[in-house]
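For reference, the structure discussed in these notes is given below.
Chain nomenclature is as follows: A, B, C and D, assigned in order of appearance, with residue numbering initiated at 1 for each chain independently.
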Amino acid sequence: MTSIAKPPVRHPGSRTNGRGLTLRDYEGAMSTLCAGCGHDSVTAAIVQAAWELELEPHRAAKMSGIGCSSKTTAYFMKQSHGFNSVHGRMPSVTSGASAANRALTYIGISGDGDSLSIGLGQLSHAIRRNVRMLYVLENNGVYGLTKGQFSASADIGSTSKKGESNEQAPIDPVLLALTLGATFVARSFSGDKTQLVPILKAGLAHNGLALVDVISPCVSFNDHEGSTKSYAYTREHEVEAVHTDFVPLQREIVIPETGEDVTVVTMHDGARVRLRSTSADYDPTNRESAYAYVRACQAQHEIATGLLFVDESGRDMHEMMKTVPTPLVDVPYAQLCPGKSALDALMERYR
Amino acid sequence: MTSIAKPPVRHPGSRTNGRGLTLRDYEGAMSTLCAGCGHDSVTAAIVQAAWELELEPHRAAKMSGIGCSSKTTAYFMKQSHGFNSVHGRMPSVTSGASAANRALTYIGISGDGDSLSIGLGQLSHAIRRNVRMLYVLENNGVYGLTKGQFSASADIGSTSKKGESNEQAPIDPVLLALTLGATFVARSFSGDKTQLVPILKAGLAHNGLALVDVISPCVSFNDHEGSTKSYAYTREHEVEAVHTDFVPLQREIVIPETGEDVTVVTMHDGARVRLRSTSADYDPTNRESAYAYVRACQAQHEIATGLLFVDESGRDMHEMMKTVPTPLVDVPYAQLCPGKSALDALMERYR
Amino acid sequence: MSGINDFAFKIGTVNGTGSASANGLLMQAIFRMGVPVTGKNLFPSNIQGLPTWYEIRVSKDGYTARPAAVDLVVALNPSTYAKDVATVRPGGFLLYDSTWPLHPDLVREGITILGIPFGGLCLEAFEGDRDRTLLRNIAYAGGLAALLDIDMEIVGTMLTEKYGRKPKLLDSNHRAIRLGYDYAKAHFDCPLPFSLVPMDETRDSILMDGNTACALGALYAGATVGAWYPITPATALMEAFKGFCEKYRVDRETGLHNYAILQAEDEIAAAGIVIGAGWAGARAFTNTSGPGISLMQEFIGLAYYTDIPAVFFDVQRCGPATGMPTRTQQADLLSLAYASHGDTKHLVLFPADPREGFEMAVQAFDLAERFQTPVFVASDLDIGMNDWMVKRLEWDDDYRPDRGKVLDADALASVQKFSRYLDVDGDGIAARTLPGVGAKGAYFVRGSGHDKHAAYTEDSDLYQEVVDRLKRKFEHAAAAMPTPVVSLRDRADVGLITIGSCDAAVREAADLLDAQGIVVDVMRIRGFPFGTEVRQFLERHGHVFVIEQNRDAQLRSLLAIELSYAPDLMTPILDYGGLPLTAKVVVDAVAAHVAGVHT
Amino acid sequence: MSGINDFAFKIGTVNGTGSASANGLLMQAIFRMGVPVTGKNLFPSNIQGLPTWYEIRVSKDGYTARPAAVDLVVALNPSTYAKDVATVRPGGFLLYDSTWPLHPDLVREGITILGIPFGGLCLEAFEGDRDRTLLRNIAYAGGLAALLDIDMEIVGTMLTEKYGRKPKLLDSNHRAIRLGYDYAKAHFDCPLPFSLVPMDETRDSILMDGNTACALGALYAGATVGAWYPITPATALMEAFKGFCEKYRVDRETGLHNYAILQAEDEIAAAGIVIGAGWAGARAFTNTSGPGISLMQEFIGLAYYTDIPAVFFDVQRCGPATGMPTRTQQADLLSLAYASHGDTKHLVLFPADPREGFEMAVQAFDLAERFQTPVFVASDLDIGMNDWMVKRLEWDDDYRPDRGKVLDADALASVQKFSRYLDVDGDGIAARTLPGVGAKGAYFVRGSGHDKHAAYTEDSDLYQEVVDRLKRKFEHAAAAMPTPVVSLRDRADVGLITIGSCDAAVREAADLLDAQGIVVDVMRIRGFPFGTEVRQFLERHGHVFVIEQNRDAQLRSLLAIELSYAPDLMTPILDYGGLPLTAKVVVDAVAAHVAGVHT
């Protein structure tokens, strides 16, 4: 049984990508999540995206906190190093790893409890730092691993399995990220792989922190009537605001036949992302309009999905820190230590 | 020397309010802050507001974290209990105190480091909880007490005393609060007492968490040329978006002579707040427009001030928790303990 | 060793398939037959699909420790067949689902293998996969009822109590039980050599887990504010408190609550809420486990240094770090006793079972307010999450909360000047006031240096005066902590010292050692700081064994530090694999040591 | 007691008025005269307007501990007149600002009172309040120069070095110095009975604070990632590191950085960054103080349990809670040694002065990578923020970082299978791989239960195998820690044990006791876990004194726990008022005890 046997989507494990790797090569250990858990579908989408992007598995690092969602880093890319840290602190561990070795591709997986309750501060400050990473927030409105308490993303009036209704205003990771200056903000649904995969690919190519809020239902504790994070509710209320195509560097970009307004964003590695807004007054490269649109959807109980905002001109953590292109772990010690003569000279300044 | 001898504003300490108390009666210990520190002016404004509101000093509790700003709770209302807790955690301590005794007036003082760095999570979740309190964030863009490092509210390009420029995107407490569903969001300037006092009074009357972001310059570490939190810069770039008048219950409300559009909000205690927008397209009772306006100002390097958003219909923590009106500390033990017979009966359920 | 009303069996299944209710059913039925019984749930740290075990021990003599050997294993999880079969004692029995051919992993010599086609039976009898999986559990319960002579009438009544309102469910459960029962009766000669015979040993007992009991303690102590962040194995404590409050603390007419439960954003906030509430005068508590205790360290130091009452339930799990969240340990002792940077010492209570959890929960609130300081109840996963057979909880309506030294408005009026940290009585406890009481009682709480008047200070002497008082207060608390439970036998050769959930195993070990001719005294420590009785026991024995569930002999360290007792005189017996302690571990260690000494 | 090149004086002023530079000027001038000198800055926890003191001790014999008595007090802060005058030793001198009439608080019998109108002189000589306040400090420096015979040429040179590029400032400072100097010369017969005469005792020494020295150590060790959150008294450490990196680690052409310094949102994040960077293969560190250590507890346990190197500088301040942030203490010892819930033990280094801070900073990174675990450098405010006279720092260009067991691509190719936590060498240290090295070396770090292959487990034996290895690793580390500094005198009556910044006072005390006929051996412990030398010293002496700066005798507790040494044989000498230790405290305690024993 493989990590992604459980989710509905099946795939032909045989085809190989440019690196001669099959999808299977991007899979991980067997999932120990509940059958039907949205997280397993996200895992499948990540496997798909990594395979299509032809990532070098061992050049990627999988980072997570604690929770059912955070466990999933074990279920994909077994050839990558993984770091399942402590609850809510994945962003700081990833910041440190990235500071030490900027050459790796960082894939961070978190949950709504992990990122919006105990980890809210770390998520927010990782956004400010603009750490180069894909940040997938598997959002199910509850703490799954501790058996279904409301999380900070639970909507007002959403009911628990026991029938209790949530009273507090939800934290919407998308609005939060837009407010904090995130340069890549998307939302998708674990049940919508066709939408999710290109978004993940774009996020992996982004020059900074790419936040992808994925509604990922918890079948054990939050998939019932009355929940606003159930499969049924999400399917009904999802509204794709922006349709995303990811066009890798190699491939030629196809000019859209339709007259729809399309924005093409070139990622720092040369790949391009084609964004087709489904509503005229929506510009995925304008922070204010993105914010206003998502809010407006909320007011009508709609869940706006898609790559909602992207700004590829932003500076990532290393640009802000002016670090050398060589990963710091590869800078030879000789270049780091000023040596005896320098110290002897320096001593004169302390007399 | 009194706590507010340092700030420019002098006052006649002799006049008494409805409780027969003079301004002096609302003062505290001698300030140990630097001469000219913005925080001392905020202290003076709080003294003024409390005196005008005729608060019963001993029925108020002063809450704070750690920082120069957080020290100021010692410099006003010496007849009130005070709690100078740990760095960044004032919101949780206040939540607990309020849960135990809802009858007190909670005045929380914090700084930008205390609330936006280490305390970001607690501020955010106190907003969600909507704890009934005045939350004054004395914002100077630096960590004053630790000698001037950039805080999370420092603007991009704002320079330190040593000439270094800040790289990371700032966290604007106002935009954050609006995004998280805060029901009272204001911004003011320690140098503008006439604007600040009525806002503080409205905040003290608000049924929920009233966030007041006060630009409060640090003369020792962030009042220089190149700082965007200096007295000079703030004076130049401040734009009053909403003018606030506080009309206590007793007084009759005066219909504005001018044709300006005025919104009157009745606070839960019956007092009224008269809000006069200085721009036509601004509605301080509309969250979206408030957010958009503040953002727009930012784009032009303007600092929007005033009582920017208020929603008096929100439910505070106790309404959400359905707690009894009697403070829990005053509920007699007899009403809390089910007693022997109940326990004996209950034991049968465990056999 | 096994026989009538004296045996143990284990069921190995997969979690999330509903076996828990079947296991509970069995355990409760035995209990209602008047036969002493305990159950240990060994479950994984996920929600569905991993191996889980349930061990039930029947002991006419009332031993409740985890059994060292099992007489019967019900192996229903192919992924652990091999492991499970290996645990059957020689001469014991194995029961498996014979719907499928006997798996080679299940074959073992020297044991008797019994097969019942639970799956097949349910497949025929019921519709739908979900129902079939669920009822398969009831079916094996039925099989065991036959093999162990569990009173089917009692089982029937229990099913009716449970599903009375759901006739369809009731019927299917009845049928499922019958399927297993009848099949066993028809194919094997029931009962097995070890089985049940009704007794009258459980009349004044109950089956309850420690989280429920501690929650009841908090309810009865009059706690009004609970703040928490979910974490296994502590979660159920606050959920139980919530349940009880909804039952006993909601105003009939208005529907309003005489309590406030705050699910905080993390453990730091939970601690802050408890401290804020304690400062304001409420009885407040939080429930957490190791990782939470680590996160609360800073706040704990604040409460210690500012004399604020706060109660912390630490339901210990297997550390370090995330460790094994569904395994038990007693490894937070040092983290609790000396929590936070700087010089700090804290009061800790060590319940041995749910009943004591209830009592100590109440004591914790009294101690916290009397000594104006954090108090920890060091429970663990075994106590907190397993159903224990304990005597019925009792309550004395004359109980009144000890609020400690609190000056109300009248008292304030009579004092010259109020100084928050002035030690008038020499016991290190200074009277406090609650916010709102009046201007005269107003003072400023600060975690920074303060003098006895609560004024800010950076003066060495004034600072020292306050921390010296805190030390004095801690020393005075020793006499107020629950005294150790000491059982002395004459002509005892050795002394055993233990704490908390090790108690049952250690007491059983004492009897077994006695049978081997090794006479032992036992002291179970119940509180920190240690009282004079603890010192006396040490001095009486010279050399002792210290039995605890952690790797680093943490209790032994506390004894050495606080009583200046020579560590060499305290031989550690450590068990830290994460499972409840068995008497065998203690017996073997002591016997070996004694033998060593005598050769 | 006092005399030529052997005296102490203290200056009491208000902080934020610029006295610091004047005090530094005096201290450095004495140093340049070749006379051994130390300065202790006793400052408040605010930015401006509160009392602050600076103590300078001159000691031809090279004693650097804080003086027990001062011969001369310069009282310039009315709010502390009374307190300051009281500290003048009988027969000593008081210098005050006679611009204003002698304040009654300043009057005291048995001392000589000298007045110089510093304020008045500056009022006449200079323009503008700010300048006058600043230069008033230089003026009193001038007065002291005359009274103590400080070489004015040296002072002149220093002013030129400092203000060379600012002629106006240079001139005003020169004039200010002269004002005080000439006035003193004119009105008193200078020098005082105690004064300075040039020596040649400082040639191979420097004046440096410990934060600067530790930062240099991190720089030379090749640390590339520094993460921190500002906190007194640790802040300056990272600020110094930044300064050095800007000087030595910026590429001439590109201006790019060979380092990354992250000012985190809090200490928890700082710890996470360091651990993430250490996992990725960088030498990473953080600098903090007590409250930060409390907040980092959870992460520390993670690094311990997952074998990740990380270096923590704990510049200890006066606890508990916020405590006195500008006062010193050694009260985090237990919090560091056993940081985090569950069974954990950590490596700790105890520097005694800035020079050792530099050396131990380097060692800390070697130990962290060699043992793949958190390492703490337990500095304190006295070491970290005061200027100490120490021997010049030295560097051996043959030094190579000890990266420990790291399998690179080639090494990986040669192994059959990579198992992250497999203890091949029996030293408890398993080889690690760095992310990115290759698929074969990939593994999954988890704070949850794992086996030696880094696979998830809930199995008791597999779990124990890992934590037992960690224990083994810790025990092996004992031999790798810096050995204690032991000074043995023949016919010694008693043994003194101490750590860190207590060293100077304890060594001075040893000489003073010797003079009293009490011969003492001294051992200064430099690392935890303790090596065999520590045990030997204990056994050699039987009874010892343990001298440390905390209330609860924390070092003594560690000795008892880790060496199973009887606490009764270790008499604590505790000093925890927040000021650097004086020899007198030790002498009095030991003498009294010895006297007690002999009566």
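We take it that a residue touches a chain if its C-beta (ideal position, glycine included) is under 8 Å from a C-beta of that chain, and two chains touch if they have at least 3 such contacts.
What you see is a predicted model; the values in this text were computed from it and never measured.
**Student:** If you tally the C-beta contacts for B-D and for A-D, which one comes out higher?
**Tutor:** Top pair by contacting C-beta pairs is A-D.
**Student:** If every chain is reduced to the average of its C-alpha atoms, which one ends up farthest from chain B?
**Tutor:** C
**Student:** For chain B versus chain D, what separation do you get between their C-alpha means, in angstrom?
**Tutor:** Here the centre of chain D sits 40 Å away from the centre of chain B.
**Student:** Cα centroid separation between chain B and chain C, in whole Å?
**Tutor:** Taking the average C-alpha coordinate of chain B and of chain C, the gap between them is 43 Å.
**Student:** By residue number and range, which residues of chain B touch two or more other chains?
**Tutor:** 66, 86, 117-118, 120-121, 124-125, 129, 152, 321
**Student:** Among the residues of chain D, which ones contact at least 2 other chains?
**Tutor:** 45, 265-266, 291, 298, 302, 321-322, 446-448
**Student:** Please output the residues of chain A touching chain D within their complex, sorted ascending.
**Tutor:** Interface residues on the chain A side: 57-59, 61, 66, 73-74, 78-86, 89, 91-101, 103-104, 121-122, 124-125, 129, 318, 321-325, 328-329, 331, 333, 335-340, 342-344, 346-347, 350-351.
**Student:** Inside the complex, what are the residues of chain D that reach chain B?
**Tutor:** Residue positions touching the partner: 16, 45-50, 229-232, 235, 263, 265-267, 291, 321-322.
**Student:** Which residues of chain C touch chain D once you look at their complex with the stated criterion?
**Tutor:** On the chain C side, the touching residues are 44-45, 290-291, 293-295, 297-298, 301-302, 304-306, 318-327, 329, 331-332, 334-335, 338, 340-345, 446-449, 458, 460-461, 463-464, 467-468, 471, 550-552, 554, 557, 560-561, 564-568, 576-579.
**Student:** Which residues, counting only chain C, touch chain B once they are in their complex?
**Tutor:** 28, 31-32, 202, 205-208, 216, 219-220, 222, 224-225, 227, 248-249, 251, 254-262, 264-266, 268-282, 284, 298-299, 302, 392-397, 399-401, 433-439, 441-448, 456
**Student:** Quick one: in the complex, what on chain B touches chain A?
**Tutor:** 117-121, 124-125, 128-130, 152, 167-169, 171-172, 175-176, 179-181, 288, 291-292, 295-296, 315, 320-321
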